[in-house]
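These notes concern the structure reproduced below.
Chains: A, B, C, D, E, F, G and H, in written order; residue numbering restarts at 1 for each.
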């Protein structure tokens, strides 16, 4: 095929990404490569850039194909940590270790199906140096399952912030925010059926909460919930250190 | 004005309503005149027909003007019971009394602003012969307020069915349906703000409930919730009588 | 692949589900494992827990893969009942039998395509001990098909509650609720085309019903409709027994 | 106020409307002046133009103020026919009479509150020369009210087309279209409450109809339904005349 | 697998469809088997019933698998007419012929991608005995392509009704309805992109038309548009015959 | 009332607006004060600032009260030009004159009710120095009205850009963009009824246009359409001057 | 009028509200009386309860009538602080003073019209003991206005958390969250026009942010944004104190 | 299979497309064959027609299968230029060359995932003779990346118009339109997640822009954005030439 288009035309712009290497300094939050809307080659290219500059690359929504390529390409220079439920990966240069910020984050889910998003949030909190405490499948259809793990997190582990993950009716974050004196981030998930079952019902219910101190992120945005929680927890931790 | 239109044209159909007098026999539910989309004259005409045939007329969403006219027109022949929060009225021929079916209905509201719809539901249940038990402002922002009145209704008063009224996050019906072995009717209200604040968030959250045995009616449809609850309760009561 | 993530990290929370074993006691409704948003392994794990504790496990929205695994894994200890149209399964320990509560439930569908959701509802009613009567494809495009089976259910079989399943225009539940003195649960389905064809038109039409005593559940929520109907029917049956 | 803007600026375009005088010839449908989005002066100006050219002007959604002005301004030259429920007006030059096309149109409404839109449709049909037959408040909550007037229209009066007006659940047009061999135009109205109560539920239900031969117009578009019905009926009538 | 469920349980209702054989008499419109939401076996069963009773079966939205089975199963007794763009099939008993009603229908499409829905409409009109005239790809992006075929249909072929098929902006039906004195049925299609590209933009634009005499059916509902057009055309044709 | 709040609290921030005085230099577009969401005092304060710095203040969506105050307060120093249909005002310091950029803009409306938004657009174009040509009420319900004024604008007046204003079906911009070699800005208006009648149908139809070179602004955003048209026209005019 | 309804019926439940007096202890956030959906009498009753128990009552969305009644009724015992732009009020028992928590909150608005919601948020932060820093009208249409006040807040005043208030395009919170290492709460407002102009566009844009660490509350929920910001800031402040 | 349908029935209309060959003359914009909703054969047929008449055919949204067929079929007579990210193709008769209009267009993207739509726009601009300048991945999450390339385009390359491509929050076009004196076309993309993630959030945010001179096209409509930009740029270029 006489396709000279690729070399002479629209594609003469070889710069497809301008990774924001200073973000981790400027914001205290590492950039995460959302692989979902990118080709495998694009994701690999950007991962390579981050690994070179920062010694770490974090990727979310990783396809089977991309996962295999990550394993293969970076075997020599980095460890690959794989989070199967979240389908997320952390590449870390050999010899590098995760810092410890002192921040403390609690994560609750309403159901089993919400766990992938909870793990996504946990991952980013940990990469920001936080300790994460989790309790899964404690939703409002059986309230008696909630009280003990919640009290444990708040009073014994003294978390600085809570992420509450829920799909379907999205009621758990409101119930939790009504009970404890800790900022709560509601993370709605696309677990549901029928009208509003793409996470809209859960998101709207959280936005309409009658409990004070509940803020939200978009449906299935585990990374965003984790980044916000990490920032809050690390700020409190920094103040604790004085 | 030479308007001969009114007598010779489009308006030659004088029958504007065909009241369903047999409904109370056929369904066990009295027809309620929804005054909202009708002119005052139309509502009065239909009320007069019901009073004549059934000895009772029930009107909801009554304007100030219609209320005044009802007081004035039917003073001789009927008692007017007025429900100020629901803006509903019952005209009852002098000498008639409400029957007692033996049905038992419990009604909870999440907030103070949900009371008008709760009262609308209570009214229709009572007109169907049921005894109604109420507890208001027991929403999830302060769960500790809920447990006692709920236990009271279910275990002591032994209600046959519960109506749970909630706007905003619409979380209360799911919480209640997760706790008690009684059918629950969720009644969402248009109490809220921002996205979903017209009752959509509450309705969607109830439709997405993860608790079994929760059914719903449309936003602000107190009459519908009451009619369904009354039918269920009266059916149980009839079975009790054998 | 040097993936030590799975054993040392985000995944240290091994508790992925807290099955609500008391639900069947507390609510009179068995918990159903919605397999749709869970991995095959997760669904099997939870099924195993229920079988051990309650002697029965009910699964809905079962994939081909999960069905095969259920057959294979539990052959020794339990009978598998398979509902092909609903794609639902009941595992029952050898020697256990379904109870008989005395409740009586009628189920109608508007079309042939609504049958899977009707079967889902029937299954849960039967597992709650009810007798179920069905009539399919009796929608409003040919009203003459409706009257006989409906009269049969209500007057001869004396059902305590009706579930009416309809997609497309969603008109059948309103028509039925206008005709009979029995509580009606509308179950909208995602059968349709064009605007509102995902079940929204059917759901909205049922929510807007002008017939008294119609309550609804979410689109395609056969389990929820069945659970609510079972609770109502069993309550009436218990009262009959005195 | 030194406002010279009005005479020298944006307003130098004095042509605010180009009435389509040939429409009645080209289409067989008279143009109707929708007064709702126009100022009183604009509506009067356009009415004057139609009266001069065609000897008739039809106005819909007429405010109290405009109605008064119409009475006052055209008293000398024209008769004003006023349709109070539709809030529509026909100005007709003295001496002019409505033609008789031979077309026959039937109009049904589900409830009393749908009548204003039915009258709007009836008006335009009559101005197109049709004979109109009406039956109001025959909705599906009490189906027994429907059969006789419907049979009457179709078999005795032999209407060429039916307009079925319904708000709320919008079920009546589907039921009617399933019963009779006449084209049916569904006219949804903004009568309702809660989700879909602005006429959306009724419109969607009609669009999703499972009955053949049902077409629709937009919510509250009585004029459009009448124009389409008139065109169909007049075409049949013309064929009858040969 | 010890699955005794299929023979003893939920599936004891063997009546999955109640075909409306009288529809073609009652309504003048044959029933069309919408294969989309049915299993291949269900569709074949219903087709067999129609073929036996009426000598003809019409199926729409036919899958490759169903098409193959139709060819195979009915080879002996019937002719299969296959409409490749509409993916529709007509089975006709050997020896039967299509009637000729005298009705005349014109069908226009805005683009090439709208043709499948146009063919669906044409098929049903022809099965109702009408003669169909078509002109494709005459949309408003190049108005000069429209005028000649439209004039041809209306003035030379004297069609009784027009179906105008359009996706994307949905503007063509309004333009056509503004030009000709024939009833127009707008048929929106799911051809488009971005917001409203599922046919919503086209449908809304048609519902909002400022041209008189335009009625609509739901997105992609070629069968419905054809049935309505056929009923109108046949009614005019019957009147022509006297 | 002992309200010391106003002086000591939340209101200690006296800076309520930071007018962007450089915008007219930076962008070539003057800032317009959208009075709709501001109090009368706030609007007056900002107008005073613009008049002082730039010698001109432009206000849109002006209430009766604000109009009266503008007349009264600035009588000494400025001329008030008032656009009654757009409810917009231009305050111009005595002695200042509007510049002439050489840009040429054409504005069409589909109906009479679209004129207020057209005038809003015309005003801002003129304040940017453009000459504006208008033709109103030339929509697709009567296409014959369109061709002459359109040809006039494009071929005789040689406009650089067209604004086409339409509510309801929003079809006119697509038709125009299919006919002429000039960039077209579609301006949808909130003129309509029923579903999509708030301008959504018109906007969606324009977004879905099958005609090349059509861009849009939001519903009723006459100011935005005018600013964009003015920028395009002035850029062409500047190039003409060389 | 013989209305004995009010004393003997639906209204026998005199408990219309169960104020959550412990909330301020349990959550660290005072309860705010949302007056919008309550009658004047209901709001006064609840305010009286709070004043008696906590020495302070906070009311938002206060009508003119309620404001007058608050002035009149509590003059003897409390100071009324009135926030005119937010239409909010604080009643404080004579002699009580606001505490100082040490928390530091920054609030930015995109435009002048967003100020009422900013003031609502500021009020609740101050009542929680925080110091509040504000900068208004610094939106993205003129980015040069943003940098200085933002740097000031973050680097000089060292705020612990930022609230960024924006209607229309809702772009400011994303821009700010991309620039500073402080948690950001996006507060969308119902300032806008056309599609999405009720705050939906602003809310969606914030939910879709590509900047890390941005969380949101519902449209116009100034109270919620303030409560969350106050909780975060106070938690940091408490940690600072050790 | 005895399928005589294909030759004798619905398919007798062999004209499936009426390519608008004069468009490039009439509008200055070449027609682009949107392959997405067409069969491979249909697309090839239309491409052949364009190649024959105009010496060039442009196809967008090309499938793998169609791409292979294009390579194969036209090898003899034309060059195929293939744009891999946009999945678009230009067939050009051997010996033909692209014209140079002198127009200058700048294209920016917020992220890497927006590049396919940017390339689609670039392609059409180049086919219209424009020179295109691009800068990718310069979104608001890291504003510092934006200023230099933007200044470069506007001040050094002196582009006549800018296309700004953004998904997710859609904030970049508003920021750019606030900074530069060049008309800006916002092109929203379907890059996002959760509520509004199909491009709706980006589109709404652009429609709500508070920056003057921003116009938009529909989600992912790269062709439309390019065509509009090309028309504007070429108009300016023509004026430059005088």
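One rule holds for everything that comes next: a residue touches a chain if its C-beta (ideal position, glycine included) is under 8 Å from a C-beta of that chain, and two chains touch if they have at least 3 such contacts.
Since this is a predicted model, take the numbers as computed values, not measurements.
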Partner chains that chain B and chain F have in common: D, G
Is the contact between copies chain G and chain H built from the same residues on both sides or from different ones, judged by whether over half of the numbers are shared? same
To the nearest 5 degrees, please report the angle of the rotation taking chain A's Cα atoms onto chain E. 180
Looking at CA centres, what chain is most distant from chain B? H
Where the CA atoms of chain B average out and where those of chain C average out, how many Å apart are those spots? 28
Using mean CA coordinates as chain centres, what's the chain C-chain D distance in Å? 45
I'd like the Å distance between the centres of chain B and chain G, where a centre is the mean of that chain's Cα atoms. 35
Return the residues of chain G touching two or more other chains; collapse runs of consecutive numbers into ranges. 23, 141-142, 167, 178-179, 193-197, 200, 203, 207-209, 212, 218, 221
Touching pairs here come out as A-B, A-C, A-G, A-H, B-C, B-D, B-G, C-D, C-E, D-E, D-F, E-F, E-H, F-G, F-H, G-H
Show which residues of chain H lie in contact with chain E when the two form their complex. 1-6, 9-11, 13, 15-18, 20, 22-23, 36-38, 42, 46, 188, 190, 199-200, 203, 218-221
Where on chain D does chain B make contact in their complex? 71, 75, 79-86, 90, 112-113, 115, 119, 122-123, 126, 134-138, 141-142, 145, 167, 191, 193-197
Applying the document's contact rule, which stretches of chain C touch chain B when the two form their complex? 23, 26-29, 31, 160-161, 178-183, 185, 203, 207-209, 212-218, 221, 223-225, 227-228, 231-232, 235-237, 239-240, 242
Chain G partner contacts - residues on chain H that touch it in the complex: 110-111, 139-143, 167-171, 174-175, 177-179, 192-197, 200-202, 204-212
